[in-house]
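Multiple structures follow.
Below are two complexes that have subunit A in common, paired first with subunit B and then with subunit C.
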Partner chain A sequence: MRCGIGIEARQVNELYINIDPIQAGGRLTADAMKAVIAYGDGYSVCDNCRKPNRLDYISKPPIAGFHRDVAAWLNMDAVRTVPGARRGFQAVTNTYVSKGDPVLLTSLSHYTEFLAVEETGGIVREIPHDSAHKITADATATKIEEVMREFGRVPVLAFIDHVDYQYGNMHDVKAIAKVAHHYDIPILYNGAYTVGILPVDGGDFGVDFIVGSGHKSMAAPAPSGVLAATKERAGEVFRTTTIKGDVTNRTFGIKEPEMMGCTLMGATLVGMMASFPQVKERVKHFDRELENNRRVLEALLSVTGTKILSEYPRNHTLTRVDTLASFDTIAESHKKRGFYLSAALEEKGIVGIIPGATKVWKFNTYGTTPQQAAFLADAFVAVAMDNGLPHNA
Partner chain B sequence: MTFQALYTLTDLRVILRETAPQHQLDETRRAQAQRLLDNLERQVASLKQEMLK
Partner chain C sequence: MRCGIGIEARQVNELYINIDPIQAGGRLTADAMKAVIAYGDGYSVCDNCRKPNRLDYISKPPIAGFHRDVAAWLNMDAVRTVPGARRGFQAVTNTYVSKGDPVLLTSLSHYTEFLAVEETGGIVREIPHDSAHKITADATATKIEEVMREFGRVPVLAFIDHVDYQYGNMHDVKAIAKVAHHYDIPILYNGAYTVGILPVDGGDFGVDFIVGSGHKSMAAPAPSGVLAATKERAGEVFRTTTIKGDVTNRTFGIKEPEMMGCTLMGATLVGMMASFPQVKERVKHFDRELENNRRVLEALLSVTGTKILSEYPRNHTLTRVDTLASFDTIAESHKKRGFYLSAALEEKGIVGIIPGATKVWKFNTYGTTPQQAAFLADAFVAVAMDNGLPHNA
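What follows is the complex of A and B.
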């Protein structure tokens, strides 16, 4: 079935259990799908835009209220919606980083954080992770001291990913933020894998900014996300325009340069808004998600030689595994080589693992029902058994 | 009525997602699907009546 010339209707999530590490938290709720149907037209949220003509002031649909609600939910003072977490990073780096300024990232930072710094001419310095692939407050303090020796000043900004994309490990944001603030460094909390997945309290963490991803973790269409700030920082990152045309003398009201005026003007925003009540509710039940994840991991570990590379027991459902001594041993002699694993899983109705991966790979069980988690667990064991791998399931 | 029918189909779509890949419906989901399909039939009938009158 097609929805345009050459565009097949996508039925991945209807036909399969999808454990793609980046797709799990962005699957739409029914309400978001309905909102997308109704608000697909370009400037669909602008029907009732009135002075002062800015997206976050629109009350029909209730966009203004949504902004207030998200800020309160994150325990921050101000929120704007952005076209993806990366645009949130960009707004912050554009505000605080100038050419030659040192910026603190980590050895587990997402590439878009690097690019956001690069664009400003800033220089990144990475806090190294420890042997357990964790970023610690001590390592943060050590790195800041190193930067001070190298640059003669502290970094102008620090990023910390609460849960990193490589291992899905949870890092001690509160302690790291405390260290950063000790040196008067503003800190950006990257919640791409947490905002919309588990409870996030910016006030408790003591961070200056929170960035969340709508399409990764808030059951929203892409590209969407949120940038939240404390009152003190909001005046800086959400400053309003002061520019004036020399011929026309035009000025542009309360538009915000870092947001380029208005941001999400249609289905992306209304999709995120429509999912929000369910998203607020689901973060309270993250323990259920961990239980589903545990079930699958136990099945994988029952296959002799499989290792979990992420912290274990898990604090997040995004998990990195090492199957060099288990599933990969079959790849060498199998007629499908390394593709046999993803092919066998697909035959059973499971997708989302990189085709060809049998050595080190990631998956995410977020959003599966208990029945689907049980099915997944059984499927991994079945593939092992079908290929004669030793197991103790 | 157009939106109602589309939204009913969306609710059916969600059932497919929640039960993938086997789509074996338990009693609760079966009853839910039955109710949605009955609604859909009524909604399509109303659409026919309104658009083709």
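What follows is the complex of A and C.
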């Protein structure tokens, strides 16, 4: 089946169990699928845009209400939608970071945070993780002191990924935020792997900003996301335009420069809105997701030599494993080389592991049913058995 | 029908002739509708992302080929997709404009160009339009000389909207670009109303950048767009990352800071790609669109007192009219006040004019069939007759 010249209709999530590390939380709900069709046309949400002409004021479809709901849900004061979490980072760095300013990231920070700093001419300094691949409040304080010695001042901004993309480890944001605020450093909570996945309470964490990803974790089409702020910070990052035409004397009302005016004018936004009721519900049941994840990990651990590189027991379903001493031992002599593992899984209806990966790899069981989790567990063991790997399953 | 709690399914383009000024070129093709469903899930285009891991290198779906095709179609050297034309502006201003730098816009520039400059701390200077609401090469040269006197240097960048959003007038980009280049000023062609609507040849215009809007003019979902550059400028605006982690020594390959890495990872991009073959074809037949537009305008002009504020005959279907001396004369005494016009049109199945507007308003006939254009023409005359307005239809 095709959906345009040379474009095959994608059926990955219809035909397979997909354990791709970044795709698990972005699968659309049925309501979102209806929404992307109903609001597929370009400026489709603008039919009822009236003064003051800004996206977050539109009440039909209920965009204004969605903004209020998301702010309340995150326990923050103000929310805007953005074309991807990275555009939320960009809005914040562009507000606070000037050329030469130190910015605190971590040794597990996502590359888009680096790019958001690079664009402003800021200088990144990484808080190192500890031996368990965790970012701690102590390490944060130490790094801030180092920055003070190096730059003669504190970092202008700190990013902390609540759950990082490398290990899926959960870091102590609340303690880290406390340290940052002790030094008067505003802190951005990167919730790309948490907002829409598990409960997030910005007030409890004590953070200045929360960024979430629609296409990564809120069952929304790409590119989409949210940027939430406290009341104090909202006045800074969501400040309104002050520029004026020298000939026409035009000004531009309440448009916000960091948002570049309106952001998501159609399918992306309404897709995110349509999924939101189910997203709000699903975060309450993250324990079930961890249970499914545990089941799969136990099966993997039953294959002798497999190591879980992520913290264990898990606090998130994104998991990094080391199969150098298990599945990788087959790769060299197998006629498919390292591709035997992903090929064998695909034959069983499982996709999402990088083809060829048998050494260190990531997967994400988020959104699987208990039956699918059992199937995944059995599949890994079966591939091990088929290839004569020792196991105690 | 609903597509989620509180979200009504939009059927504007199914049930009505929609002459909304900004929506006409963004209606999805049938192929794009299939694409947004097939690629609705979050990171749906990333299934086959392999090294060097960048969106524009993915060959399945054929994203790499699409980038090459769009560059060739615009007669430019390099293209990237962006989340809306405004994000293309932002990438260019962030590359060339520093605090205090003068930037050339025009008195007809779109607000998003102002915001893109505001974000960088640049200072806008508008080239005034002439009495016919056109931006000329002469006015451009005069303004550049003024800027030189004021700032002691030339503007660092110039924006020119080939067709402006206020009058839908077509400006002499080629001559203006020549003037800009005489002063060594890079020039950005804003094609939000042209790329995907009529033929655009960047090489012939002699511009450094072309920005197009997917959701405004390329039959694509929002937010989407393209940023094209010449070879020389591509190396600047699409430069790759150089930032490095101080602890991990991480670098980030060929990611591009101005793009924030990858841009449109799903429905938006594949929607734009799916529509592209039809978009390429439709730009060849813009004469038919002008003919439909002419038919409607002649009908409006047959209502005594109506003025066309846009250049006439028209070079674009986006048109600004003045009905102060015709339709507006009824508004004061009509029981629906100014709303009678949009209400009467809606009753006939026509939407897209701002409700209540009877003085100066805009509409866009792009994409109507000859039959629909005839229907529109008859409808305007019928509303005039029903309200006893003098006419010579």
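Note that in this section the second predicted complex is superposed on the first by the 393 of 393 C-alpha atoms of A that agree within 3 Å, B and C clash if a C-alpha of one lies under 4 Å from a C-alpha of the other, contacts with A are read in each partner's own complex, and residues count from 1 in each chain.
Keep this in mind: contacts are C-beta pairs under 8 Å (C-beta built on N, C-alpha and C of every residue); 3 or more make two chains touch, one makes a residue touch a chain.
Please read these numbers as outputs of a predicted model, since none were measured by experiment.
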First (subunit B), second (subunit C), both or neither touched by A:P277: second
Touching partner for A:T369 - first (subunit B), second (subunit C), both, neither: first
Contacts of A:N94 with subunit B and subunit C, given as first, second, both or neither: second
Contacts of A:I350 with subunit B and subunit C, given as first, second, both or neither: first
Touched partner set for A:Y16, first subunit B, second subunit C, both or neither: first
Partner chain(s) touched by A:R86 [first = subunit B, second = subunit C, both, neither]: second
Touched partner set for A:A175, first subunit B, second subunit C, both or neither: neither
First (subunit B), second (subunit C), both or neither touched by A:R27: both
First, second, both or neither for A:I37, with subunit B first and subunit C second: both
Partner touching more residues of subunit A, whether subunit B or subunit C: C
Doubly contacted subunit A residues - partners subunit C and subunit B: 13, 27, 33-34, 37-38
List of subunit A residues in touch with subunit B within their complex: 13-17, 27, 30, 33-34, 37-38, 348-350, 369, 371-372, 375
Subunit A partner contacts - residues on subunit B that touch it in the complex: 3, 6-7, 10-11, 13-14, 16-22
Touch list for subunit C against partner subunit A, complex: 3-13, 20, 22-23, 25-28, 31-44, 46-47, 60-62, 65, 83-84, 86-87, 89-90, 94, 105, 107, 109, 111-112, 114-119, 124-128, 214-216, 219-223, 241-248, 250, 252, 255, 257-258, 260-261, 263-271, 273-277, 351
